[in-house]
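Written below as structure tokens is the structure these notes are about.
We just call them A, B, C and D in the order they show up, numbering each chain from 1.
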């Protein structure tokens, strides 16, 4: 197996770990961490694919850059929601909002 | 050569171990800390795989800013709200086994696909088209010349995320309110550091047109600057209105540029001679926008609704 | 004159950012944009049916380097019904601030609409991913407008939706590994070579289908939808159920009507169809048991998603190398029928959620038991809810009836008669949970429940949408024909 | 076949009032009543004008695409006008009755809105030119009658309405799948006098599929035609207010089912194809069983409306029997019975409504001596009852006579036996009522002035007189019987 193929394997494994754990774990922060790890796995696959050619494929690098910014904004929003639901868990009544 | 292989193997092992620990650890704070370690190792791997831009972004954004965001939330709340289900060791192993199985299966298919890959990759076509682009550095050319539309959407995503975060605050005109830490040593250090960071951000921005760097990386540094100055009180927290204004300015400019180019050269088409300067201008707007949006996300996270 | 296709994405986004800066002008700006959007969508549909799909290369660079946008019959149909739903919900939302949650509703809903249009006109797979993320973030923002108790469902929705997008992104990565391009059309040209790409195409489809099923809440991956859609404010729920889940459904159709099929993908399609049938029955039975009105309508969405994936097993035979004209005819019928069902669901479901919103506004709760005698206090909302239920069940003369007619014909011609159970059974169950709720609305009224008057424009918007969904079936032939232009 | 908007005009006479009435406040009685009566009168006039043209062979048609390849067709031809004439006249009379019945009750605009929509659906069914259009208006009828049945919002009304919906919606499934399968196999065929040749070739090519489709569509139609075993909803839907029971369950809804069966047997498959497939004899047996079962069950009911409901189940099956027996005379009798049974049954429902409103009587056992207290109503009821039993000169006699002669011609004498048995049973469950009305004594107080509000009494009297007149003028060219004969000649190609 060539070097890019090894890193693709690593990426896929990290993605699988992250995704599986995301579907089964209960704690919200850990789920967000799992989401980030799964995303990192996918990015690792993309960058490994880019490394197949010399110079490496700039399109895939740009995709991963865009992906990272989206991942960060999603994580930011997720954390704000975690904070709100933690506040909410203290005194909100059950059931749906008006 | 074997040293490189050993280094790669070590980095790979490190990434795997930190991932597993971060995912399966019971304690919230511990899993977040290990996750930050995972981010650092990942930065090294990006460098090893010949992707300096991504390494920079990973270090600044993924490890840096995400770390800041997570610690602000987790620091406040160490106990995890979810019921501490003592799922037994066997369940964890089973989950791990499933993951490994999925990983191996996907690898088999992907490697097969890589080996019968198409002769012409888009990357090669992009590299050939580089000379006609308005920017020299390949990654920046893709981001801001070939696939400008993607970058535009991505900035809108960031602005919307920040807006959504701000909109969850309680009162109608949500203003950010954050505990300020005025310890002299800290404020002194920040006062000294800020100009250096500003220069670094500016340099990163300009460098982007012909070497690794650019809007995303300098945006992260801008986030750092904003957070440091606000948390130490050197920069007064903006009012609700100005917060919203700053949030939206980045994507508004980009969208206006899109409309402008539509009427002239064609949607998002940048041409020389003004193409190069347009890219740098766009990058500046991007950097400020990313900086502000991520800072707002962090501050909204720590503002008590 | 450069094509106006990108305007569908840029204009709503620009108005969204302007409204974010100046919330005061929210209602007027959103209303004007929505109206313009409907007019533009109709023009696009006419243009596509007249001279075929519209292709635009962005940034001055052609594929594969640059990003291309493409609007064929399928995209035009989705853009059209989305614009109509956004217009109607905008009118509804302008009626009451409680329905909007916070003043940010306008900015977030416009950004959501921009993201949806971006998905529908995308021809580049990574661009589709970014557009899906924009839809997700905006949608989560909208759900979170529901206040403190909506934060947890919104978070759960965010995690599930982004996970789904990542699975889709990995599928795109795999496709790039083999074909070296992000453009779906160019990838197809590479894949059509006889080298056996069966394994790869199957994996790409499995990854993408699971990811997109997660985002469209296909049973068993549906648990996140009811709390999110029911917990959202009254004006957000219709947007969520009627149009947001359609983005991932559209991408599913885009993939399944393009990638070449073989024995493996055919069996995968049948599996997805089976899961869809279970979803129709599962969702409907769950809807029958809910005690809160918005939960009934949310589970109805889970059921209807089952219908939408029934397209897959009917379309796949037409994509096999040895496909004959009969298979292609079945596929065309199936696409027409399903798109009509999707559009009809968008109208009827938004009307149903708006009706629930009206009743919630009037009685202060959506507890079904507390809505006895609503027919006397809010006749318009009850009539709209009934008509919307009829339209959802696909009873004539509703638009869904024309869709169901085409789908039934396709099922009979393809010989796969077993999909009849879900198609016909689902309609009955939909009628069942609608009538169950109507019976309470009609029952004699308990004294003492307070009743605040509902602004006229809210009831009017609800009734107009419901009636439109209810009678559109008789005039949908021309529009149905356009939905398959350029799809195969 | 001139493409024209006339079919639309007929539809509009009840569609426009329906849409307007929904938005009228309840107390706008004058506007609502003028709209209602104006629409009804306009429809009767339009239909009356169209009948001579149709008899001379004029045909009007409106066509538009439903889905690519399948059209919506509305066409004016004798059989459509025949059913339209009945429903429009009775809609006019029932509107008058309903205005009086609901004088100052809540929800009148809602009621009359759906009431007019129901007539729109019935008109659509009559004018339907192909199976798709028929199914659309057929299901629409189900939907718009639900609010009428549930109008009084009592628990019983809601339960009755639910049963009604369960039956009719479930019935809609085989009907829909049957029509889709038919259109998929044979293409978008229109109703034609002797069925289309595409249909004949298809029946020859795939007899098993053709029979399966026939059974599916028949199952869907049987629910509304109240053939056993799917008749259960009719008695339970009697909880609806009197005008609803009168128009819907004696005329519109039940007749739509039977009208569909005639369209299926004679205008889609054609009599010869149906006979060759061998589906008519089982249909005749089913109809006969329903006739006898309906009559027997009617005997055991003490509630006036319940007995009338089971009587309807039995009487409506005559039409199916007429179609199932392969002879022009029998089919003429069957088709004539659509009008005859409609007139007689609506009179009885009006009277039942009067007994309930004026004296609060809903049970047959309480009817002793009511004849003296409410002579006009009782007389109307008696006329209708005698007609039902089949005694000349009332209309009922004619259709039973034609059915009897037809069955002998067709070589199915056992049908004659069924007719005689059912007539005896009719006598068995109607004469006791007549006997109680006139020959029993009961203290119901003196009649002060006229016995009931005129808006309720006049309709009952009018329809009773009509029953007699229809019987007497059978020879007139435009009489229901003669129209039935013209229609049958078309069906059998005489």
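Everything that follows uses one rule, which is that contacts are C-beta pairs under 8 Å (C-beta built on N, C-alpha and C of every residue); 3 or more make two chains touch, one makes a residue touch a chain.
The model shown is predicted, which means the values in this text are computed figures rather than measured ones.
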| item | value |
| --- | --- |
| Pair joined by the larger number of C-beta contacts - B-C, C-D | B-C |
| Mean-CA-position distance for subunit C and subunit B (Å) | 31 |
| Euclidean distance of C-alpha centroids - subunit C vs subunit D, Å | 42 |
| Subunit A-subunit C separation of Cα centroids, rounded to whole Å | 26 |
| Cα-centroid distance, subunit A relative to subunit D, in whole angstrom | 66 |
| Residues of subunit A engaged with two or more neighbouring chains | 8, 12, 15, 19, 28, 32, 45, 49, 59-60, 63, 66, 70, 73-74, 77, 81-82, 84-85, 87, 89 |
| Multi-chain contact sites of subunit C, meaning residues that touch two or more partners | 65, 126, 130, 133, 137, 140-141, 144, 148, 151, 170, 176-177, 182 |
| Touch-based graph of the chains, sorted into line, ring, star, complete or other | other |
| Touch list for subunit B against partner subunit A, complex | 8, 12, 15-16, 19-20, 22-25, 28, 31-32, 35, 38-39, 42, 45-46, 49-51, 53-54, 57-58, 61-62, 65-66, 69-70, 72-74, 76-77, 80-83, 85, 95-96, 98-104, 106-107, 110-111, 114, 117, 121-124, 126-127, 138-139, 141-143, 146-147, 150-151, 154, 157-158, 161-162, 164-165, 168, 216, 290, 293-294, 297-298, 300-302, 304-305 |
| In the complex, subunit C residues that touch subunit B | 2, 6-7, 9-10, 13-14, 16-18, 20-21, 23, 56, 58-61, 64-67, 102-104, 107-108, 111, 114-115, 118, 126-127, 130-131, 133-134, 137-138, 140-142, 144-145, 148, 151, 170, 174, 176-182, 190, 195, 197, 199-200, 203 |
| Residues of subunit C defined as touching subunit A within the complex | 65, 98, 101, 126, 130, 133, 136-137, 140-141, 144, 146-152, 154-155, 158-159, 162-163, 166-167, 169-170, 173, 176-177, 182, 227, 230-233, 292, 294-295, 360, 364, 366 |
| Touching residues (chain side subunit A, partner subunit C) in the complex | 8, 12, 15, 19, 22-23, 28, 31-32, 35, 38-39, 42, 45-46, 49, 59-60, 63, 66-67, 70, 73-74, 77-78, 81-82, 84-85, 87-89, 92-98 |
| Subunit B contact footprint on subunit A (complex, rising order) | 1, 3-10, 12-21, 24-30, 32-34, 36-37, 40, 43-45, 47-53, 55-66, 68-77, 79-87, 89 |
